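Each chain carries a letter (A, B, C and D) given by its place in the written order, and its residues are counted from 1.
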Amino acid sequence: MDPITALLDDVLAEIAPQDAGAPADYIPELAAADPERLAFAVVGPHGRVRAVGDDAAEFTIQSISKPFVLALALQEQGRDRVLSRVGVEPSGEPFNAISLEAGTGRPANPMINAGAIAVSSLVPGDDVDERTARVVETLSAFAGRSLWVDEAVYASESATGDRNRALAHLLRSHDVLEGGVETAVETYFRQCAVIVTVRDLAVMAATLAFGGVNPVTRRRVIDGPVARDVLSIMGSCGMYDFSGEWMLRVGLPAKSGVSGGLLAVAPSQFGVAAFSPRLDEHGNTVRGGLVVETLSERFGMHLLEPHESVAVPAVAIERAPGGGGVIRLGGELGFAGTERIVAILRDFADGLPAGATLTVDATGLGASHPGAVVALRAEFETMPAGVVLVV
Amino acid sequence: MDPITALLDDVLAEIAPQDAGAPADYIPELAAADPERLAFAVVGPHGRVRAVGDDAAEFTIQSISKPFVLALALQEQGRDRVLSRVGVEPSGEPFNAISLEAGTGRPANPMINAGAIAVSSLVPGDDVDERTARVVETLSAFAGRSLWVDEAVYASESATGDRNRALAHLLRSHDVLEGGVETAVETYFRQCAVIVTVRDLAVMAATLAFGGVNPVTRRRVIDGPVARDVLSIMGSCGMYDFSGEWMLRVGLPAKSGVSGGLLAVAPSQFGVAAFSPRLDEHGNTVRGGLVVETLSERFGMHLLEPHESVAVPAVAIERAPGGGGVIRLGGELGFAGTERIVAILRDFADGLPAGATLTVDATGLGASHPGAVVALRAEFETMPAGVVLVV
Amino acid sequence: MDPITALLDDVLAEIAPQDAGAPADYIPELAAADPERLAFAVVGPHGRVRAVGDDAAEFTIQSISKPFVLALALQEQGRDRVLSRVGVEPSGEPFNAISLEAGTGRPANPMINAGAIAVSSLVPGDDVDERTARVVETLSAFAGRSLWVDEAVYASESATGDRNRALAHLLRSHDVLEGGVETAVETYFRQCAVIVTVRDLAVMAATLAFGGVNPVTRRRVIDGPVARDVLSIMGSCGMYDFSGEWMLRVGLPAKSGVSGGLLAVAPSQFGVAAFSPRLDEHGNTVRGGLVVETLSERFGMHLLEPHESVAVPAVAIERAPGGGGVIRLGGELGFAGTERIVAILRDFADGLPAGATLTVDATGLGASHPGAVVALRAEFETMPAGVVLVV
Amino acid sequence: MDPITALLDDVLAEIAPQDAGAPADYIPELAAADPERLAFAVVGPHGRVRAVGDDAAEFTIQSISKPFVLALALQEQGRDRVLSRVGVEPSGEPFNAISLEAGTGRPANPMINAGAIAVSSLVPGDDVDERTARVVETLSAFAGRSLWVDEAVYASESATGDRNRALAHLLRSHDVLEGGVETAVETYFRQCAVIVTVRDLAVMAATLAFGGVNPVTRRRVIDGPVARDVLSIMGSCGMYDFSGEWMLRVGLPAKSGVSGGLLAVAPSQFGVAAFSPRLDEHGNTVRGGLVVETLSERFGMHLLEPHESVAVPAVAIERAPGGGGVIRLGGELGFAGTERIVAILRDFADGLPAGATLTVDATGLGASHPGAVVALRAEFETMPAGVVLVV
């Protein structure tokens, strides 16, 4: 066992004894879940899946499908069109709240059922089958393998789905549902009944963590801005009326489902997923939440934790014997990095002997932020002769 | 003008013509504000304040005091005690909403007035004067200079403060207010009437950005975990019922006030503040919001933007002629960094000739995440002889 | 023209010039209504219909069907069963509010759409056709002639009925809907599309006024207690979120519909109905409301107006030459009447000469309230010899 | 024991064993109430008070003061001014709900605390003492004896009155409170602490039943229209979120208080009051409610019960030998009565021999409804010669 997997195994062992909560019971398929099941998995930038516990256990994705179908809708329809049908404000209310915006009738956000149904109505396709195919294909691309719908769970959800049908009719009465009620609702029921394992969810989360590129298959599934939008909305609204406390304690965008799944995203770092069927009063998996919270703490992944590496892009200085030299810039240039580099450059340039050359090699910079590059270029215009920028 | 200030100036010029919105008018002192005023300021890790526009204009801090008094309460009373009096969930409602949690009577969060008053009641001190002194002292430490209360604005706020008094009485009826109604409310009115400039607010924001250490005075104002908690809550709730959309579009924890101020925090990068009295329908400054949004875009500061530098801690490899060498680790070691370094080390160690030595110098690592260090140490136990870790 | 009709005509002339409000426009059939139409009709205990204005104009009954379908449900299912599906509390909210009781999911009352749909689901019948037939038969019995459904209006209502379908699905999700959603909703759409005139509505109102007996056909349509229950609920909830002010100003149970109809009931006195398509912001007909308010004032029909006749049942005293005589009781004996009669009897009996006889003839009493009769009988047991009660 | 008192005693004996509910406990004075206490009293038009059970037990009037202070405000300030500060719509919410109307800030109605405080702020007087004196004087006039404030209860209410102070500050922030918060709230706390017995409450109720004239003292306390307005509002809102069900089951305007008192009004018939400290979940006295419900049933007092006597004013016909005669009208002339009399007159006049005279003596009519009199006069204009109306 590699050291990272070993570390995950320790976390699993710590949390396994917790037995608070109970599985969802509104349909027989969920009520029959083995409450002892526990698994989690992490996927980093190189796409290696590390999993511990019951990582082969299959369960329905349920509400965790919501951010991925949202990603599909954003990719296909654009942000403006999606936002004309659904808001992005947390509602402070449970997952099945009605929460339609006064005036527009838009559901508060895409993570509550009403919003997710509005989003599902934006999936391209002429009928339920075409749309379901499109959804399954997208979820599969995120997971890096072919997923499928559990027809028994789907049938149960559809048979007891009066509240969701009510939400869809309300949306339609406000003209925020695209197409017919049944098309939207049946697509939604099917997307919730897709079967996954905790390994799948971790890969899906990692695809969001790395800007829309699946780190296992190396395929781009969605554009970078779409991934960022989805993570923003998960950050605000993903854990229902526990979203604020989750942000306080864990600090990672996350999404849970009633079957006991949970995924979270540390942008540029990893995707993580957990599975344990016992739920708390918000409908979130108890042990799954603890797993992610512990992992976030152990690796200091809270989004609002200050990180020294963010502030200090790699700078390597090779001084030449005659007083000049080469400054190689690496990493990524944000505001703090620009400020720091400008200070170093000024310092260096001020002491540059006549005739000496200072070459600034920016080819190793990982990303170009327009503002930072403008500042850097502007800085060079004021530099003494002999200072050369290579980009 | 240095290139960064020049860049800020460009942003100012772009946004200045916007004239939507209107100043707050519920007290004469706010209604009298010159609506044309516009300023903003940025403070990075080295504490240099760059400001453009009317950066000397003074205005009352209003609701922007809320996160800093929250910081004081968290520092003095601890997170658990504070959370027993106020929640951290966005309410989806305006700043003056009642939004008390059923059962407990806790206000939804510390950024709405009800929550801020509950927090103000936790400020240590025997009476309003002692508490006000403590609040002003804290705000001053965040700003790096001595601030004071505008007594005329305070008197107007107090004279028209029936809604806030109502909130305080409601809190007291639920036993979530510490001490008397007048003590809490008068402290709150005074904290809102502290005079600041946009430069002050930018320094205050930067103090949160750098883990509670004021980058200008180099003094620690609050502990790192308190700064993180405050930023988490600002991230979820700081922009009232626009918080979700702000997170989507801007991606930085922020707080606005009715006098037209706004500050935002890019953790480890900078604090930024803007001032422009015209407000939108959520009570947020129109041009101030655009300034911060533009800056976040230009520097790629959205929290949920993937950043390459986060994923790649600096690694410098010096190969020795005999096949060994030195690997110097720099930056910060998160999950992705650990994974990358372990891969490099394995690769290197596998090819290490008998007798050669590979020294891994981890002394340059900026922060120790327990999980990462455990993983790294564990990795070394399985390394062949000749691989040495220096921490 | 008889004097009462003349009086109605005066009221019509007074109110006709009012032109505030606008017809409903959510379906073409309602939007096309001639806004100038104005009619009203009154029906007293003898079943004579007095009508003025456009009394032959036909319109759809809409929400005015609700109290009559409620009457059918109460008659067939009993009060307890109906109340297990719907409450009787005013909600302070508009007609299409969701207003489901926490815990039970019961709609607030049968006059809002959600409650009316719950009630329609209790109409006996195996399918929509059977139930519609039953509803039309009941409405016809109330009106005293055969009514029918306007299929074009029904089709429009059904086509745009998403909000009502939403309500029905919500009810079903709470197990307060009997049978399927479509059966309930289609029955409801059809009951709303029954064609009536203002004369029909006045007869329907009068049937409720006279304890469930149609004063025109002399047929009992529903039992007396059912009529009382329906009037009680109309009194509390019939005018939506204007019910309290209506009770204050007019003081009669009433029900309005979006096509511009309105009926009101003065128990034991008359039924009244008005028709004028322009609606106010509560969805109540503007001129129809004024007609009923004026009529209530002119005839002193406010339920909470004290009435001398109520307090004084008819008493006729025939003194016999020898000192005795006959006391004939008429009218109805309530509390105040009992008290008065007992005082008269005592007075008379005290002065009764030996050997004289006082006969109390109670055969003319219109109704027997158990309490009053007990009190009267008890009184006789303490009377001197010579006092005889004939019942 | 007179037969009516005997009947009350029977009701008392039936209901006494009920032991559901519990006394209010938010202040020590209420928690200390003897839960076994039970009393009730009835007062009819002649002002005789019939009381059974613990009719000398004293308790604080609490919310039962609300309709009487409302009567004072209506009498002094007029209906329009009162309605500009408080609505008359039931809120479907508990007594201490906030329920302010969007836009205006008016409390929903004067029976919830917020509305009652708004009403108390309209009591004339320069300070709390003057206003309290005025309130006590009014309550005393309704009760027919001098009442006083229990200072211990008042002090407890004031000490724990944060929620009511919150409501008052909210009202003031919406400009619907007249004068200062403390003046309004302290007046309100004192009005609630007035000591009464069940006999007092029954006389107070009877004063409303008989149009504002106290039937014991024979003094007019308020004008008739004010009494009607108060009864209308009690009918809609008096029993909080049980008002609709109370109207269904009992059918009489009523008001309850947390000390266990309850009064109800049968217009023109009687006032009734009950006292029993155990309360149900709506805050209404359990046994008190049963007493009034039973009494309403026994005497058929439900407002929406059809009453024959209402429909039939007394008509006495004395036929003269020559074919004419005298028709004497008695009682009160409403719509149904007018219709009946017109029919009789027509019939008689049609058969009137030439030269004969029919005198219609309307001097015994108890009340003149403008509409009825107009109709009657109009009728006479079409009568043959020989028919004479005496009014």
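As a convention for this text, a residue touches a chain if its C-beta (ideal position, glycine included) is under 8 Å from a C-beta of that chain, and two chains touch if they have at least 3 such contacts.
No experiment lies behind these values; they were computed from the predicted model shown.
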item: Most distant chain from subunit B, judged by the mean position of its C-alpha atoms; value: C
item: Which listed pair, A-C, A-B or C-D, duplicates the contacts of B-D in over half of its pairs; value: A-C
item: Subunit B and subunit C, separation of their C-alpha mean positions in angstrom; value: 63
item: Distance from subunit B to subunit A - Cα centre to Cα centre, in angstrom; value: 22
item: Numbers and ranges of subunit C residues touching at least 2 other chains; value: none
item: Chains grouped in pairs wherever the two touch, ordered by label; value: A-B, A-C, B-D, C-D
item: Subunit D residues touching subunit C - in the complex, by the definition given at the top; value: 2-4, 6-7, 42, 44-46, 48, 87-93, 99, 108-109, 209-211, 224, 227-229, 231-233, 235-237, 241-245, 247-248, 251, 253, 266-270, 295, 297-314, 316, 330-332, 334-340, 342-343, 366-367, 369-372, 374-379, 382
item: Residue ranges of subunit C touching subunit A (in the complex, touch as defined); value: 98, 162-163, 165-170, 172-173, 181
